[in-house]
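Same chain, two partners: subunit A is paired with subunit B first, then with subunit C.
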Partner chain A sequence: MTTAANNIEIDRDKGDFKYAETHKFDAGVGLNEGTVDYICDVKGEDDWIRDFRKRALKVFQDKPMPTHWATKDLENIDFNKIRYYLAGDQRAKKSWDDVPDEVKETFERLGIPENERKFLAGVEAQFDSEAAYSNIKEAVAKDGVIFMGSTDGLMEHPEIFKKWFGKVIPTGDNKFSALNSAVFSGGSFIYVPPGVKVSHPLQAYFRINAENFGQFERTLIIADEGSEVTYMEGCTAPKFDTATLHSAVVELVAMPGAKIEYITVQNWSSNVFNLVTKRAIAHENSVVKWIDCNIGSRLTMKYPGVILKGRKARGEVLSIALANDGQHQDTGAKMIHAADDTTSNVISKSISVGKGRSTYRGQVHMPKHLKGCKNNTECDALLINSDSRTDTYPAITVRGDQNYVQHEASVSKVSAEQIFYMQQRGLSEAEAMSLSVNGFVNDLTRQFPMEYSVELKRLIELEMEGSVG
Partner chain B sequence: MSSLIEDPLMEAEAGIDESIRYAFQNHMDSLDTVPDWWRNFKTNAFESYANMPMPRRNDENWRFANRKNLDLGKFQFDLDSDSADVPSLIEQSSFTETQAGSYVVADNKIVHANRAPKELTEQGVIWSPLSEAIVEHGDLLRDYFMKQAIDLGSEKFAHLHSAFVTNGVLLYIPKGIEIEAPFCSYNWSTSENGTMFPHTLVIAEENAKASVIEAHLSEGEQSAFSCGVTHIFAGVGSQLNYTLIQNLNEKTLGFQINSNIAGKDSTVNMNSVILGCGHYRSETHGQIKGSGAHVDMRSMALADADQEIDQRTLQTHSAPHTTSNLLFKNALKENSKTIFSGLIKVDAVAQQTDAYQTNRNLLLSNTAEANSLPGLEIEANDVKCSHGATTSEIQDEEIFYMLARGIPKDAAEELIVYGFFEEILENIDDEKLSGCTRQLIRKKFGS
Partner chain C sequence: MSASLEIKNLNVSIGNKQIIKDFSLTIPKGEVHAIMGPNGTGKSTLAKALAGHPDYEITSGDALMDGESIIDMEVDERSRAGLFLAFQYPMEIPGVSIANFIRAARNARLPEGEELNAPAYYKELYEKMDTLKIDRKFTSRSINEGFSGGEKKRCEILQLAMLNPKYAILDETDSGLDIDALKIVSEGVNALRGPGLGALVITHYQRLLDYIVPDKVHVMYDGRIVKSGDKSLALELESKGYDWIKEIAGDAA
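Our next item is the complex of A and B:
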């Protein structure tokens, strides 16, 4: 195990470094109308965006915390101590050479430029509130694919942006989508024209560098008829003593026959509240697949959803969560069937280590007048230590004709026989445990792009280190 | 996750109808011979009822439930009628082959009593109507009456039950006594806008064994309100079987709040057969408190027309080496709606727990609605826990198999539903009782 660990390049602490802050733009601490005005002014936004933000601020202030079902830990977020906008420059650079040195160094340490050369069709790198770098390979851009920061997207392609912005996730969906709608900045904007199949993934990397900061990126991906795209996002932050807030809104639109795969490897430091709303609309014959891995953060609340709006649309959520000491991974999925013959599949695997807590929360909805809809949900939880905890709270409503839903969940621990068997063959207890845990998630990780499954495997090995005994 | 649109109309209902307070005064005035502690208990319960808000939109325990049918204004809480056709009720109150004792209760009044045989009472067995037990077994009631936590959402209605309860049964089985024949309690609703508060309290001492059968039935088609509570205390090594048959008419609003505490090495089986009520809410809490205990919770419900059957369950494991098994099966016809919300809770100390929870919904119409909320909260790691929920229609192949053998489609569907319920009914030991139940199901299917 130790020798293996020495060779691991990607690890949890890799993101735990920071640079001194040299922000040109800073909206100060706390949230009020002035904060919103400041953001609009520096970004030079149109009045409709300003109105949209201010309405959202009101909704955010009026909505209570959802603690009647969610954890009371939410009450520890002090919205008056958070900084809502920090940026060096509003416009992303197209070349790494133009990116300020310390920002460039940050992403180099995280291996982003290297990955870009190796296997990506485009990269966006966000540093605090704004994208520092955004580039798409020429061959992909030639097909008409648009990939840029949301701030730029809003300026350069308002005709596409405005049509879908806030339509999948309305401002008032929940308290945190309202917060995001009030102070959003950064995120990705992607448009794939009809019939274009983007062969390599587009990647965004989100980095929080400043203390007491809130990152509120807004991502909008539109895959036009018959197109295909894979989007990957990663995120890290240095470990501060104070709480950091990350509250994104991600909207996906899959037009008829389109295919979107959205992959997240979330590895925030353990002081980050990660409260994210992610949802897709899937039109006729389209496929939306969310692959969601949650390793980091203090509290994650995230339930990627698909509204299956067109006939034969398919939605999938594959989710892996690993909760260690002091962490609560509250994740899940929402499948809203709204057309005939739509299918959905949710597979969730969670591992609770030490005092970690993992929660699955799901919703499957099939209203009347629909027929031939199917859902399959499987949730498996693995508990490593005696004070680890896991919860499962699915909600399933079925009406209609020839619809079929099945839900299964199980909770187990690594069997003593398995560990014993491996120890007999010379593995240490920790190695055996790590192998078992990787086996537990293996059938899911096999479905991930190779680079990600390798990274995930290493992250799990590291997390498991020292968890036994 | 749920959107938080406030609902001012429902919030305004927190107060209570003054007619219920007036009825409660009448009810208290009519109790002339009861001890003071009982009087105080009821007064406190009523105040708790009056002060507690109605279930709110955001209450997780009321998710998916219709809260608009819960208006109690029209019901007669100080009911005093003798209109029931007693001989007919007694004749119909015979679901079992044998019995160790039975009571027939019409609108909270005992109209017929089969006391326990002398050889049992001599050994200390108590089989007593609640009205008598309050006077004769006050100590026992003060220790056990309404002493189990009500925590699945109907706290307000449990207080209402305590305030108005006048009858019901107390079964006490002393150490080491085993009784094969069941004790039966038949509760009839017979009056227009009547109210009934069936209560069953079972206390089993060490290594005792007994069966209890409770039936909730309607005579006539009048509207009514039923609010029942059953509490079971299973002592060390005891074995208790409980079966509830609910066949109230479809104009009845029904609540049933059940709970059991299973002590060390005890076994508790709870079976429910749910057929009636327009809106029925049942809560069942299995509290597995002693190591080696096993609790089984099974239910079948056949819903039709505009019925809403709302069932909430909780399996709490708070001792190591315990097991629990839950199976709830619903078949839905026409515009009916069911809610199954179940939670398995395993405390950190409850290592080596095996807990299972299964909900199966069979949709027989495309306007029916089945909701499932199967939940787990696990804090111990050396456990085997799982839940499964499925909702589907009858598969074409199953129908085809029967059609190919000359069975018409309607009959085939009916047979498949009977088969679906057999998994529950086969656990009812008394053959006459399971036969009666099958007949009730058939009758409902035919209507």
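Our next item is the complex of A and C:
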């Protein structure tokens, strides 16, 4: 059955977004030491960064693709055909007329404000939000909060940056953290001074500019003792990009008593390989909460993690994934307990539609010498159609006799009887399906900021329309 | 144009098995008809087939609402045309609250582009919940999840009250109810009785009909109506038992 939702997928695959790109800075295709030098030269980076990048490049080149456990689809990434650094105002010279109707319709359905649509469709290089961004910067600067791009952060605050950069996620953690460490650009650098509670969520959305549209972002957030901050990245609206590989690294550091909440809504176009490494170090009495929502991309591999380093630290991952035709959402969480009385909570809800595939991978680690640690994991999968697929791979290692782990998993489908009941009240089959699916993720979407949860609800409705009939 | 729910020579099968056999019945607006009969005789099948359940095939015959045939309509079309079924086993919909569910049902009936007036909706919802003695806390609970039998049935009647159908089929609404719940549910239904509503009450026991007094009673056996009468027929059936019916059905065959 061809519907608007299906049409969007088909158009994306055909690459309707081919257009002439002119860039001020272009490292060219392929990756070698010359590419790294180019990036450093353009940015005017210090030698320590250049060395860091070059060492990372070597690690990246030496590491094999992890296809012994991950999907073989990774082999379809051709590293030689990728552009690793693009910047400049001329990035997207496409006309609004060229944007497919289905795309425009999606924006309409999701209620995306007029002025944002051109940016999201790649018609405009820069979302004219400099004003909004500056206002936020000013407001939080009064409290001593540093909120800037990672490139600027690296230059202007090397003492803070160097202390933690690459310490939460070492270069050699995996092939893609190594890649990011070699070519990173863009992303946010945030430092919150002790005791400061940032009242308004900080958004990355405003900051995406012509510099590679989030391809190899590197984000570092440090919340000093007793401080609190919420950070949001991404948006529900589909982001169309010809760049096929996105490999971000996000490092969070929660000092004693601090609280960090990191919210991501990802909806990359279906040509994108989205391979992200996200991890936090949580010190004594701190809390780190990852709220992760994956709707787009061809393949997403992402396992937000928390290293519970200090006593009574708490880590949480709330994850929603929706996989439609041609998509594989391979997500999960990592909770590494490294101190007594630490707690972790993982709630994962995945929905597989059409031929979509969802995978949950959850690591929970509690060594023998610890006591009083608790983990609670709940992973629920919803299968919509008969070809939909879901897999669960929990990796739980608990040692010692004073630790506690609870793991619950469920797989369900929306029953025909439930649909009949809802239809008997006047809802169409598609409306009934979206209501069920929204109900399934309701516990989690309730925890998103209001605008996100409203958009998410509409997005789910849109995705579900193609699933019935 | 007739203001009635008219079932004409309806034959319904599930798979190869025929359940409803040449069934005819007319329920005029403003009247309450009761159908009684032993288990397995097709009462619930009739209800579900009229609502459009995909498992049941109407092999011949017709059903008309106010003169318009509904058997080719989708389940939701029939609902929006004014048909309501109070389920015998209401479904749980996790994560969907009573308030949101009924709101979605109400929105489905509004013309394109129009939205529900939220304060007016909630005012009405709470008033009706109070009448049916459903605790207001239930508004945010997932519909039917963890509800007792009585709570589920009252929730069905709440939906009936909020959706204002033209024709309502109540499928064994009394099963699993204690006397108090039975009274509350019956009061809820009676409050909606009037010239604008035609109701078909399907029940196993006469007791419900003490509270929802029917205008006509029909006895169903082996997929068809074998005897009709007024409310006293229900009492006669109760005292004589279903064997009596089998006799009559045997005579009629």
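Observations on the structure shown:
Please note the rule applied: the second predicted complex is superposed on the first by the 379 of 469 C-alpha atoms of A that agree within 3 Å, B and C clash if a C-alpha of one lies under 4 Å from a C-alpha of the other, contacts with A are read in each partner's own complex, and residues count from 1 in each chain.
One rule holds in what follows: contacts are C-beta pairs under 8 Å (C-beta built on N, C-alpha and C of every residue); 3 or more make two chains touch, one makes a residue touch a chain.
All values derive from a computational prediction rather than experimental measurement.
Residue contacts after overlaying the shared chain place A:Thr397 against subunit B, while subunit C stays out of touching range.
When the two structures are aligned on the shared chain, A:Glu431 is found in touch with subunit C, with no touch to subunit B. Of the two partner chains, subunit C is the only one touched by A:Met422; subunit B is not. Subunit A is touched at more residues by one of its partners, and among subunit B and subunit C that partner is B. In the superposition on chain A, A:Asn442 makes contact with subunit C only, not with subunit B. In the superposition on chain A, contact is made by A:Val411 with subunit B only, not with subunit C. The part of subunit B that touches subunit A in the complex is made up of residues 1-4, 58-60, 63-64, 348, 351, 361, 363, 366-393.
Subunit A contributes residues 63-64, 66, 68-69, 172-174, 303, 334, 361, 363, 368-369, 371, 381, 383-413 to its touches with subunit B in the complex. Taken in their complex, subunit C has these residues touching subunit A: 51-54, 74-76, 79-80, 84-85, 87, 90-96, 100-102, 104-105, 108-109, 142, 159, 163.
Per the touch definition, subunit A reaches subunit C in the complex via residues 415-418, 420-429, 431-432, 435-436, 438-443.
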